[in-house]
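Heads up, the next two complexes both have chain A, just with different partners, chain B and then chain C.
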Partner chain A sequence: MNSKIINSIKQFVIAVLTIVLALAVGAILVRISGNDPAEAYTTLFRGALGSKARISEVLVKMIPLTLMALGMSIAYKAQLWNIGANGQLTIGAILAILPGIYLGLPTVILLPLSLILSVLGGALWCGLAAWLKNCFNANEVITTLMLNYIATYFLAFLVYGPMMDPDGGGFPQSKVLPDAYHLPLFSAQMRIHGGIVVAIIVILMMFFFWRTKLGVKIDLIGQGDKIATYAGVNVKKTVMVAMLISGALCGLAGWNEVYGVQYRLLEGLSSGYGDIATIIALLGGLNPLGIVIASFFFSALLVGGATMQRMTEVPYSVVDIIQGLVIVFVIARTAIHFGWPQKLLRKGKKDA
Partner chain B sequence: MDNLAVSMQGITKIFNGVKANDNVDFNLRKGSIHGLLGENGAGKTTLMNILYGLYQQEAGDIYINGSKEEISSPIKAISLGIGMVHQHFMLARPMTVVENVMLGKKSRRGILLDTKETATELKELADKYKMNIDPYSKIWQLSVGEQQRVEILTAIYQGADILILDEPTAVLTPQEANVLFDMLRHMKADGKSIILITHKLEEIISIVDEVTVLRDGELIGSKLVDEHTTKEELTKMMVGRDVLFNFDKNKKAPGAVKVELKGLSASNDKGLPALTDFNLTVHEGEILGLAGVDGNGQKELCEVLTGLRKADGGQFLFKGKEVINQPPVFYINSGISHIPEDRMTTGLALNWSLKKNLIIKKFHKAPFSKNGLLNQKAIDAYWDKCQKEYQIKANSGEDHARALSGGNQQKVILARELDDHPEMVIANQPTRGLDIGASEYVRQKILDARNDGAAVLLVSADLEEILQLSDRIAVIYDGKIMGILPAGADTNTIGMLMMGHKQEEKA
Partner chain C sequence: MLSSIFTVGFLVSLLAGTIRLATPILLPALGQIYTQRAGILNLGVEGTMTIGAVAGFSAAYKTGNLWIGLLSGMFFGMLWSLIMAWLSVTMRANQVIAGIALNILGAGTAVYVYRILFGVQSLPPQVTPFAAVNIPVLSSIPVIGQIFFQHNILVYLSYVMVFVTWFILEKTTFGLKIRAVGEHPRAADSKGISVAGVRYAAVLIGGLYAGAAGAFMSIAYMNLFTESIVSGRGFIAVSVVIFARFMPVRAMWGALLFGFASALQMRLQALGIDMANQLMLMLPYIMTIAALIFASKKAEFPSAYTIPYSRLER
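Right after this comes the complex of A and B.
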């Protein structure tokens, strides 16, 4: 038990160091751009956490990021590199909004129904990649990435075509959902919405997930096909289930965006959240608590960064650069942690 | 001193406060083969890495051909005529043999490569020592044995008169090992001095002129090897106590037939037939030793019996019921244990804790799973029990399996596979790569399982192991059973069958 705690502390310290390192390099860049790093970071910090409303903004961003990062963590634990979170969110959002716009059901029926549809949509999109992997040994990195494009352009097709709002002045967006369907707000001044309840439930479930039979199985296939098969785990089935859950959580994030934030479909709905969620999952060490913390950090960075751009001369691209730096440092750490160099060497030997 | 190629005196090497070598003397006579014997971790490789300039000693002197030398790097060692062949080959796989030899060597043609000249010289050298090597073949096309020859050739080409071989036979089949030994004898006749690091006693007795034994980093002694040298005395020097070479195997009548294989056939990974018309029965309370040279279908057989590979045809009767081509979980639930050949990829999840490795096949069953969640208390208790019972040396059950020595890793697997009183045990090369102490332990546990009533299929390329443990001996060759012999059968007879010579009808 002791070494477990030490291990978690170690991981936490490394994660914090990663962020500090990224902020430090970011500070140098701010300096080079002729601004004062201290002022920039103070503005960024205030912009993220300076008032209740700001914190509410951070939470609004945290909901989809956390859901998707948790979804990613399930796939990554199984060494399935799902990078299709954006596409899965998009398909989830499309399926979720359909009954809201076209069916006119009572709210009590519509909200659960749309939630289920979003989960199915995300799961379907990710499960497609799992199916291709199981049947044709197609690399999931490629397929999930490609499915992103299909989802993105399908969404574009819908909002420019059949689903375009006739009274929208030609903007590429769908009709707005009726007010009754909007997820309830906690305060009229703030955007934080009822979706957070769903997110909290998912987070709580994830705290137990890795101790369930399914969680152990998914973890085990991440240790290698051979050992998993040897231990009696049906690898293909578990790959499929892991990917379905991974996609389902991304689809759920889509439901949140549609019913809690945007209230409509619009082009570029995913806002690249999927990419950030990938970083969050890795920075959080695939551990639910770590993911929540990392997700908070990134949400604050996004919200604060926007303020920083408005209030100072520092361009928003600094935020992008900090994100990029975190990715580089996280990947460097992950590569060492998972022993990629050795693995590649071994693979080379086997191929020969 | 004149007749000594190498003399190392009072060598001490300390790693993190631990003495890997403690005041060790080592003398290699010119033109002799010298065995360096010891269990894993005894400090053999450390001593030789010092000689080859990879490590610097904290204390002690090294004399090469009588003159004192500071060996600061492998380059210095090579210039002194010392060559080393590591356990893991240092070859560039996409390149040819001659290209590998030319790496790190100045060309005689300036900026152009002297490939042709080098290849010719290499060929001559290879022929001299009866190594059949084409300088232009690519490394990846060569078998492990041939790659080893390339390593040796490279060392000699660089001018080595003193050759260090680190566990050279660990990766070889018995036949390849014999070829290697022939080559070493040629080199010895040619005046080269050879150091052979090993923990295999047969090798010491069959080829070595003199042996030096290390234990826990200390010199135990050196002695000349002759026909009177016995394994027992070498073992005693190496382990520090007597080892049971003859297990106390109470004779008992075999029980009922537990496993019956009829006309089994299966293919290997390349889709070629690995087993053809394979017939075998294993009884309750019996160890059936399956002898054979590696790669004759043993691996495929074990995989078919555990559901890891689909059979192409035939029958697998377990307790009288047909159970062929079921998923692995079926065999696990039927009480068929499997000690796989490859600990590292199949037997253990190396990045998992030892505790979790113990329950890898039963995490979903009570008491390890409670209300759908892992029951940490039960898991902790089970680890404590198994650690004691199987004498697993580890700091904590939370350690990753990766952190353990081979012997202790195998003990974790034994605990997992044998603790539930299995109906059948399939042990594939259970002591491969283990030192004598650990091997003895593993064999004892397998015997215990047999005495406990399990039907044991012991697959091993180690004939000695087969002879020690088996109640009956089956010999496999090219995916078929060549013959079944009683315990204590003659080694020659088994050897002939292993080479594919069919048993006489009367036998």
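Right after this comes the complex of A and C.
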């Protein structure tokens, strides 16, 4: 028990050091661009956490990023490299918005129904990759990547075609959801919305997930198919279940974006959250608490970075560089044998 | 409406566009054939191309020489892929994660460098791109000439590289080593082939091609650099390689297929024809999955695909 706590503390300290190192490189880049690093980071910090409204913005970003990163963590624990989070979010969002726009149901029925549809949509899209893997041994990295594009173009097809808002002035977006369906806001001045309740429930569930039989099975597949088979785990079935849950959480993030933030479908809905979620999942050590902390950091970086770009002359690309560096440092750290699950970062799937 | 599609002029511009638009997919795909054959999946091509695009554009703009631009793109593409080689071969990191990280880092770095070199300008700086080279005699053949023989020099060179790549991989010792390292690194090692050395080389060659393709985008196609200049072509190249089952000539057909889809979409858009363009653009991706099902069944992947090599592990 004690060694476990020490190990978590060690992991946390290393994660913080990684971030500090990336920020230090960022500071040098800010200086080279002819700006004052102290001023830039102060602006970034204030832009992220300087007021209640700013914190609310960070939380708004945190919801989809955390949900997706938790989803990724389930697949990654099983050594399944699902990189299709963007596509799964997109399909979830599309399915979720359909009843909202076309059916006119009462809110109490619509919200749960749309939530279920989004979960099904994401699960279906990811499950497709799992099915291709199980039946045809198709590498999930490539299939989930391809499914991303297919989902993106399908969304574009819908918002340029059959679902385009006739009164939208030709913008590629769907009709707005009726006000009654919008997730409730906590304050009229802020964008933070009821979706956070769902996110918190999911986070709490994830804390218990790894102690359930299913969680252990998924962890076992990650140790290698042979080990899992010896332990009596049905590998194909568990691969399918892990991918279904992984996709379901990404789909749920889509529901959240549609009913809590955008209130409509529009092109580029996923805004590349999937890549950031992947990084968050790994930086968070694939455990729920770590993911929440990492997600908070990245959301603050994104929101504060946007403010920094508006208020100072510092290019936003510095924020991208910091993000990229964090993960490169995390990967490179395995070299010095700190407490990272080495197996995880090292092994690809053998049956790719 | 249909009458404006079935004209010679439309067909010529469509097919010529196909050949031109296939080029920035073909080049990185050829490079990735080396990399993937050696057992490394580099998802960071997209970022490498963006680096190549900014390096090519900056050098061409500052020196006024397009060839220096091309060389610069190739050099920095290679240099950038050195990080991937280090992470995946020396650090034995997960290649998927390393690739994604390098994409984010590459896009950020490219945009940052561009901003430092050129500042914020209301009109983006431009270069005069590589001009079309009309092949004597052949280019004056009606229709055929316009489709095949009125492209810029880089387009021709890229198609020549299909043959060069095939030759190197299939007919030289180096090609044999690459395939050996991808198929059975332990056996290759026991024969005295440096697994790490060959894999480094394979990743660097991939970076060289991707850098060239990035430079193609900025100095032979768009004439300027923008943040989204590569817009997914790196990922498409990765899928073309798998679609092509790691064969250069098939990769050319794959690249032409993607080129055709985007050329058709652009041509139709230019005519103001509202067809379900997006559904058409989806098609190559669906076909890639279909090809993957076929390829995986026949187990044509290198056996050591995405698996880091260590002498210590069995």
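To be clear about the criterion, the second predicted complex is superposed on the first by the 332 of 352 C-alpha atoms of A that agree within 3 Å, B and C clash if a C-alpha of one lies under 4 Å from a C-alpha of the other, contacts with A are read in each partner's own complex, and residues count from 1 in each chain.
Methods note: a residue touches a chain if its C-beta (ideal position, glycine included) is under 8 Å from a C-beta of that chain, and two chains touch if they have at least 3 such contacts.
Everything numeric in this text was worked out from a predicted model, so none of it was measured.
Trainee: Once chain A from each complex is brought into register, does chain C clash with chain B or fit beside it?
Mentor: On the superposed model, which is not a single observed complex, chain B and chain C clash.
Trainee: Looking at A:M146, would you say it contacts chain B, chain C, both, or neither? Reply first, second, both or neither.
Mentor: Only chain C; A:M146 stays clear of chain B.
Trainee: Quick one: classify A:G232 as touching chain B (first), chain C (second), both or neither.
Mentor: first
Trainee: Just to be sure I read the superposition right, which of the two partners does A:Y160 touch: chain B = first, chain C = second, or both, or neither?
Mentor: second
Trainee: Would you sort A:G224 into first (chain B), second (chain C), both or neither based on which partner it touches?
Mentor: Touch partner of A:G224: chain B, not chain C.
Trainee: Count the residues of chain A touched by chain B and by chain C, then name the partner with the higher count.
Mentor: C
Trainee: With the two complexes superposed on chain A, say which partner A:F208 touches: chain B (first), chain C (second), both, or neither.
Mentor: First partner only.
Trainee: So in the superposed three-chain picture, is A:L282 touching just chain B, just chain C, both, or none of them (first/second/both/neither)?
Mentor: Touch status of A:L282: second partner only.
Trainee: Name the contact category of A:V216: first (chain B only), second (chain C only), both, or neither.
Mentor: After superposing on A, A:V216 lies in contact with chain B but is clear of chain C.
Trainee: Do any residues of chain A touch both chain B and chain C, and if so, which are they?
Mentor: The overlap between the chain B and chain C interfaces on chain A comprises residues 348-349, 352.
Trainee: Can you list the chain C residues touching chain A in their complex?
Mentor: So the residues of chain C touching chain A come out as 41, 43, 83, 87, 90-98, 100-112, 115-116, 232, 235, 238-239, 242, 276-279, 281-282, 285-286, 288-289, 292-293, 296-297, 299, 301, 305-308.
Trainee: Which chain B residues qualify as touching chain A in the complex?
Mentor: Chain B reaches chain A through residues 93, 140, 306, 308, 327-329, 332-333, 338, 340, 342, 345-352, 356, 360-361, 363-364, 369, 372-374, 396, 398-399.
Trainee: Show which residues of chain A lie in contact with chain C when the two form their complex.
Mentor: The touching residues are 29, 32-33, 81, 83, 132, 136-139, 141-143, 145-147, 149-150, 153-154, 156-157, 160-161, 275-276, 278-279, 282, 315-321, 323-325, 327-328, 331-332, 334-335, 344-350, 352.
Trainee: Where on chain A is chain B touching in the complex?
Mentor: Listed in rising order, the residues are 1-4, 208, 211-213, 216, 219-220, 223-224, 226-227, 229-234, 348-349, 352.
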